């Protein structure tokens, strides 16, 4: 049940059953010569909608642009600064908390968002207490990174070993191939590099990872793998969300 | 050509042909008892993608949450504060301008965004000059409100007269019915009120417009109307965008 | 009754009769080779004081510097960034609302302020609700642009046709000539250009409009015209203000 | 030579002779039952204009609202927060420094502005260096408090002794009486209190100083005194400004 | 070599040998009924100074107050909001980077700082690039959490098993006992709870963890343990820092 | 009684006796070729702890980095911008005020902090009122500059005359020599300059005061002087603090 496809009266009714909401957050950033710029948002959104369906939960609109400053040396990348993203999260949750929502489950598609999201939750908890929003002391946020869920991680290792790498990975590329088979890209990849993980500023990133990948080999991706990843992620996160809803 | 479905190498190539980009911006706000909360984002995104196809232009990801503070008295509404939205626009355009983009065409689905967008452009022009971004003196933003384009406006008047109203209008509801026929909602509407236009804070808005509509009668909407609005909007905005690209 | 020429005890008494206040806002920006840099503030202040007298209303001190970033390529121009102006408006209205004022009538002399003012009102309504200021739900702001009032607009068209232009217009220059006859300036104007309206950043503005005017011919202005404009503006805005005070 | 009554071409010429500018800054705050709310702005502006005339210097528009948070318990008081005032000063000086001004002489009418102005200068020096504004390393700000100039201070002590107090003083009230003789107010003052100087928050201030004065007896003020203060202040600050202009 | 005990000329010389600097960061927050409020700062500072000595490196002054909003329900806790801490880090590193430092090694004593520090690094990298600080593309920050270093972690598990818990742990308490034996506190602890890790807002934290501890049993701590932890941490972080300095 | 060496339960008890707290604030800035970069923090902290002991008062952790933007032309200097320092103070006091503290006594070691601290107090008083923190109307801050206390000032004049100067003074250097005799530095000082006091931006400061001192001769300092200064400062500030605690 997507918030965007609901009416406010439906939301009002829904809140009587559940005060949880799923918020997909991705990024708009280069994913190497063959990965889609929207990979992180596309994956997060698709999984979020499926989890929403499985749990009859509301799904908020996707945060399409996240914290990707280190990728801004590549054209097409868009990023919020962390301080801006904190304000965005604060504004979102202030509205939703006043509507009556108390449990915010962020399905996240981008590792670079994790730290800022965590900082934003702390900032927001304090802000909602300052505003004395009803039930502020019960507000709870959780980040669910689909690519780090147990079964997804295991399958990626099994299929790709250390060629999974850590950016523009075959697993996320596979997932977008499954979702958008008509947008499977081909391109020349530089020879495989052993994984390295240092992430500093944008200029350094481009120098260090000239075609944008970080130790990954996305040529291994297939749409069939993508389907597997999708199904596992939806299953894992459905379980996580249900657990989150009842946890205290 | 959606930015999200492109690679950075494709964007790099594209920039050699055109430095324009289309950015859809909507809102996540109540649209009366029968209008979708995502109406403004849904309409802006669909039109933007069609204009992008017609002009072979890049289309950025949709800004799903805009300036809708006055609607926050209704559950499900989400809003950025104007000062946050200014930062978001500034961050977006700083990234894109450094990538080489110079012409930003915002296809907007929500009247409440117009003023803040304009303020954000001014803030951004100055910011880019401060940063001495290449070509900063040629950066140009334009807001294209699909619902105010000439032929759309005329059709709405012709079909609905003063029952078009100014929020949760039959024209925008029709457009969402065309795009999402499986999500056509029914519901009881209060008797028609003559249009009023005052918009103050959220509490006042809810008191003044108890079911969320502003002088509109969305029960007049049909998916067929929606198709007409869609086609007219795409045609109008395609022309506007092409003109924008060549204007100096 | 100017706030600056009142005591706090007089304000306290006045609030028992009326909770409205007039706030003049102008700009400090180039107005072509013969227009005063203070034109927008001078006009707004003079009209506001006259409206205040006509309505026995309080008039706040003038906001002398507004949003004029696009004029900052010309020496002597001063501007706030939009984000700063929003904070200024928020701070002003927070104080005044806590004093008991509820109706804020901005008499504005500068087109460039309009969008940011509107954004600032939205930001402020939400801020006052956050602070739970007494009567926050009844706070109301309105922008009254003297140069866009009906009779002023008609007279300008009648006297100057399309030589009115859109910046450093003969109508506003005339008004300053009426108010400050000893500061009527002469200077060489470039040949008349047909009006153009594009406003981007400061560098672009100076390139596009080399002497600062936008399609206007201020040499047509006379102090006598200025008196006519003044009288019409005061009459129009007096009516608007009275209507604003009783509107709900 | 008031900036507001000049054209940009005159400013351009003037900058060839002098890169100094005088900026009056006041406040909009209660001044006891008989003092004008605009006292600090009125005094600063009048003195600034006279110093400008005496030195053929440019005078910027007055900053009418300063840092008066502690007075906001009295109706009619308006204040910026210190953090907002810092941004305002930063925005002003960024524009003027880019125009070519390097010496900023703030003629100040309100003790409560002093600290924030000093903080704002430091913030601005660093900001202008960040922006690499031409001549940023020569930018210089100075605060000139007319009420603390030597001869003014001596006359106040001579005329009023410790009844000068520290807020709503007879000296500043006298100055406004000289400038606005038609707005001389009468009112009942509570019995004289010995001076106390503690200034905390607004609620505390109102409790501590119930009618707004701080140990002052403004009933001693006369317009004739006001003329004396005015002449002394103009003389003192003219000398200070000339010294400031040539200092290195 | 503590920065505070050096002169600027010594720093200038030192920069010719090394452009690295160690920055201790702690927190000022409740650590249960028997743990010191300064635990995190005390530990980080002592370890940082020892690592500085071992490596002949400069050690900056300690950031005593970090991100501890969730502990603010207990008296004596002090916290920056994440958005403030980001600005603090940005200001610190801007100064130091302009001095010539390029490698920033944060020795951290508080888990709650980790996310905000990471966000702050990203914000700062972009800020330094915006400012075009010399060598901005080589600036590098690293967080070294002493309590998560390999040998420390192993010893804690060995000594305390799951009674290490996750806040007010015996390992950190032991370290402060070693450093400040005269401040070993006694107090009644509630019965041991099995570890739980949820951290939301301040009110929830106090409700969930009534005496401030999170599944820990600090009564197991001894000064002798503390010495062991200290030595292990210094050894581990000395190695990490040396590796960091030569890494590219 | 240092806050860092207390437990939260001790603080809770302490608050029943006294709601005052001492907060040392220094700076991290060049102090000439022979003065320690940490001079201002070292002095403030040592004096604060001694005053705390003498008065059985709580002493918060030291603010090690203050407002020293004008010193940032010398390597090793660290500074917050004034706007950041205001936020830091606001965050600190919000936490402490919510804990129950009402009297904040800042023992300050750096002249450059004074103005920003004062601005920060005003900002904070208003913020605490906005938050409706219990007892917000009784919150009180005071700055105690040890180097300006009566007896310290007199001794400095007596010992050094005008060679005390105003930065990197022999009195503060002496105090650090007393506290850290093993860190007494030697170095060549340029010939004595007569005192000058102008402080603008960082580039100007370095040009004007090439080795960092302002008219001071720190070679006159001795550890014995330092002890005298320390004892006088502790005595003076102990008296001031006790007076502050009982003042209303």
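A, B, C, D, E and F are the chain letters, set down in written order, and residue numbers restart from 1 in every chain.
To be clear about the criterion, a residue touches a chain if its C-beta (ideal position, glycine included) is under 8 Å from a C-beta of that chain, and two chains touch if they have at least 3 such contacts.
What you see is a predicted model, and the numbers here were worked out from it, not measured in a lab.
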In contact with chain D and with chain E at once: which chains are those? Just list them. F
Most remote chain w.r.t. Chain B, using mean C-alpha positions, is F
Counting in whole Å, what is the centre-to-centre distance of chain B and chain E, each centre being its mean C-alpha position? 46
What is the distance, in whole Å, between the centres of chain B and chain F, each centre taken as the mean of its C-alpha atoms? 53
When the C-alpha atoms of chain D and chain F are each averaged to a single point, how far apart are the two points in Å? 29
Interface hub residues of chain F, defined as touching at least two other chains: 72, 81, 87
Touch as defined at the top gives a ring of chains. Read it off for me starting with chain C, then chain D, then onward. C, D, F, E, A, B
As the complex stands, chain D meets chain F at residues 67, 69-70, 72, 81-83, 86-87, 112, 114-116, 118-120, 122-123, 125-126, 128-129, 136-141, 198, 200-204, 207, 247
Under the definition above, what is the set of chain C residues touching chain D in their complex? 2-12, 15, 28, 30-38, 41-42, 60-65, 72, 74-81, 84, 87-88, 91-92, 95-96, 98-100, 180, 183, 185, 187, 212
